[in-house]
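Here chain A shows up in two complexes: once beside chain B, once beside chain C.
Here is the complex of A and B:
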């Protein structure tokens, strides 16, 4: 009996998922009530999901330090500041939310940029310079030289932005950089398109083989 | 209330928090030997946990804002159809919140764990995947605009883009294996080089923005001006 109930619940779930999938794809025809229904379902579901996960995280990273055993009494501070952040909607006491946002911004911006120094600047520079000393056949060596030229010219394009450095005798450097970037954008745009097509095929597979149960 | 509480203290908090994280990053080694290093490590880790905790409070703003917008829409909507969409959004949101509070694994008491999994599997995941997948149709029109060869550089984007889309198809694999080798080479060298340049430039920009935020030049995150 329990198996039959589980099967029915699963089948209802598959039908709901199929309905929502078709409703979202129906926007290809044009904006329609079915799509609007699915769109509002999506926004509501995503908001509710994020809220539940946030409450879970507040419990895991904050309340657990205070209750049931007191591990670190200082964790009462972010909990109070977190509640104060909701004064953002108050007409005169809105500034209280700034204390919480100041901690988040100060900590996360600094953590992001100090990690960025290592991961995005030093590591990239190190691996680009070391590639010049890599041994290999003619194609590999040519490729490595092209990589370094692409790196330097595209870096030049963004860093040296004075008008005089983008024109005249030096103007060819950012022009070459732009060529390399166009090639890179062409490749990454195509990769994104292919990934999305892959996802779409996944949804079609769901409709055909899980919902309609066609033989594979 | 004075500008000290409204503006200067939040800016000072931002600076102090940033300073603690900076000191932790530059002065605390992997193998801690001195007591002051261990204290600095504790302050850094605690501050990071506090920021993570507060970031979860910020997620609540999203729910409050959506609720305010749709409550206003329900009150102002002229037709019942428009009201219905907003009411339905509230119903779905409430269902997810209630089931999440008693079903999300991190909660104290989880009698609705199976319902939470069911909602995720059959409502949120299909919607998520289909919304992303349906972007492929918008990309088709984007492709048309992006891949128009108006300039030589545009033509480079067009050729590389077209070949990169087609090179995985059986047709090209069977009749034009050189395309596969060329695209692999492009992906390995020029594309990597160009993206590294972009990555380093963006990182330098982010570092400057971070420094400007810490010293109080960038104050957009404080919201409206007093």
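Here is the complex of A and C:
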């Protein structure tokens, strides 16, 4: 009996998933009531889930450390910052919310910036100046030369406040950099498109073999 | 007092990170010096960033067609590693909102993070205030929190595009797999598009589908480029100095390593 109930529930789930898949894909034709229904269901479910997660976070990280027993008084700080955010809805004290936002933005951007000095700048520099043009076969040497030239010209492209470095014959350097970037983007695009086609095939497989149960 | 069980000695500098600290301090000092120089009347020259020059074109087209402009900084938030991209996106939004207020063009801003919602609403109001049209500001209609879930956010933006048919679409911020969905749906309804992100795997989609692309680091220069605010300009100037220094160090380091010296690699490991 339990098996039959599980089977029925699974089948209902497959039908709902199939219906929502077709409804979402129908936007390829044009906006239509099916797509609207699927979109609103999806957005509503996601918003509801986010709300539940947010409540869980307030309880888990905010209240449970402070009440009923004081486990760690430091947790009052994020709670206060969080409460400041809600002042946005107060007519006269709404300016307090700016302090909450300022703290969140300031700390997040600073943390990201500090990390990027090591991860994006120093590691990249270390790797580039470790490249030897004298080691390996011809293909490896050519690859290394291309890598260094691509790095130098692409970085050069992103200099903004010295326009003279982009004028005259020096202007060829950022142009070469842009070409290298476009080639890299082309490669990246092709790779991602293949992944997306794979996802699409996955959905088709689901519709054909799980929903319609066609013989494989 | 220990924080969350961590002793305070975690604050000591980790071996191999001294150079990080030095770079950080040098950037900080030179930025302050740059701000002082800017206040004394010095202004660095800029090369043009086509994507940002085209903002007026987007708003102008929308004004002619009597349709809105759509903007999204993506569904990223103000916390985490992508927060600088969201901040850069909001700087573009502030300028776009000002242009829309000036030419009486409705703007729709789709956000996927509650913290961004508040900031975007503030910037929107400030833009209308700066243009002397605060009575026409409708933040509750213009700034829309959709959802924080990636593909639900994507389908909601697609829905806005299909139903409200904005004449222009500007997307600046961190984008993931949803980037192509946005670019594609706005392309199909005939919107003029400007897109920018520092997420390297998404730039190709924007480059292929959109009319103007703001590539990677160009995005972080947008705030300074558009607002001409001294601190922002100074920080971009300092970043350029760091880039020139990095280029010089690369060339000198490569010459040194081919001459058998590891001194620059060791310096970068300090």
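Rule of thumb we're sticking to: the second predicted complex is superposed on the first by the 204 of 216 C-alpha atoms of A that agree within 3 Å, B and C clash if a C-alpha of one lies under 4 Å from a C-alpha of the other, contacts with A are read in each partner's own complex, and residues count from 1 in each chain.
By our rule, contacts are C-beta pairs under 8 Å (C-beta built on N, C-alpha and C of every residue); 3 or more make two chains touch, one makes a residue touch a chain.
Nothing here was measured: the structure is a model prediction, and the numbers come from that model.
Chemist: Just to be sure I read the superposition right, which of the two partners does A:37 touch: chain B = first, chain C = second, or both, or neither?
Modeler: The answer is first: A:37 touches chain B but not chain C.
Chemist: After superposition on the shared chain, which partner residues are touched by A:13: those of chain B (first), chain C (second), both, or neither?
Modeler: first
Chemist: Looking at the overlay, what does A:99 touch: chain B (first), chain C (second), both, or neither?
Modeler: first
Chemist: Taking the superposition on A as described, I'd like to know which of chain B and chain C A:129 touches: first, second, both or neither.
Modeler: Second partner only, chain C.
Chemist: Which one hits more chain A residues, chain B or chain C?
Modeler: Higher number of touched chain A residues: B.
Chemist: Does the superposition put A:55 against chain B (first), chain C (second), both, or neither?
Modeler: So A:55 only meets chain B here.
Chemist: Have a look at where A:192 lands relative to chain B and chain C in the superposition and call it first, second, both or neither.
Modeler: both
Chemist: Using the superposition on chain A as set up above, list the residues of chain A that contact both chain B and chain C.
Modeler: In chain A, residues 24, 27, 36, 38, 42-43, 45-47, 49-50, 72, 74, 85, 88, 97-98, 101, 104-105, 108-109, 111-114, 117, 121, 125, 128, 148, 151-152, 155-156, 158-159, 181-182, 184-186, 188-189, 192, 196 are touched by chain B and also by chain C.
Chemist: Enumerate the contact residues on chain A facing chain C in the complex.
Modeler: 24, 27, 30-31, 35-36, 38-39, 42-43, 45-47, 49-50, 72-74, 85, 88, 97-98, 101, 104-105, 108-109, 111-115, 117-118, 121-122, 125-126, 128-134, 148, 151-152, 155-156, 158-163, 166, 181-182, 184-186, 188-189, 192, 196
Chemist: Sort out for me which residues of chain C touch chain A in the complex.
Modeler: 1, 3-4, 17, 19-20, 23-24, 44-47, 49, 78-84, 87, 114-115, 118-119, 121-122, 146-149, 151-153, 155-156, 158-159, 162-163, 180, 185, 200-201, 203-205, 207-208, 215-218, 221, 225, 233, 236-237, 240, 242-244, 246-247, 249-251, 253-254, 256-258, 264-265, 268-269
Chemist: Going by the contact rule at the top, pick out the chain A residues touching chain B in the complex.
Modeler: 9, 12-14, 16-18, 20-21, 24-25, 27-28, 33, 36-38, 40-62, 72, 74-75, 77-79, 81-83, 85-86, 88-89, 94-95, 97-114, 116-117, 120-121, 124-125, 128, 139, 143-144, 146-159, 177-194, 196-197, 199-200, 202-203, 206
Chemist: Please name which positions on chain B make contact with chain A in the complex.
Modeler: Of all residues in chain B, those touching chain A are 1, 5-7, 9-11, 13-18, 21-22, 25-26, 46-64, 66, 81, 85-86, 88-97, 99-101, 104-108, 116, 118-137, 139, 143, 146, 153-154, 156-165, 168, 183, 185-204, 206-207, 209-211, 213-214, 221-224, 226.
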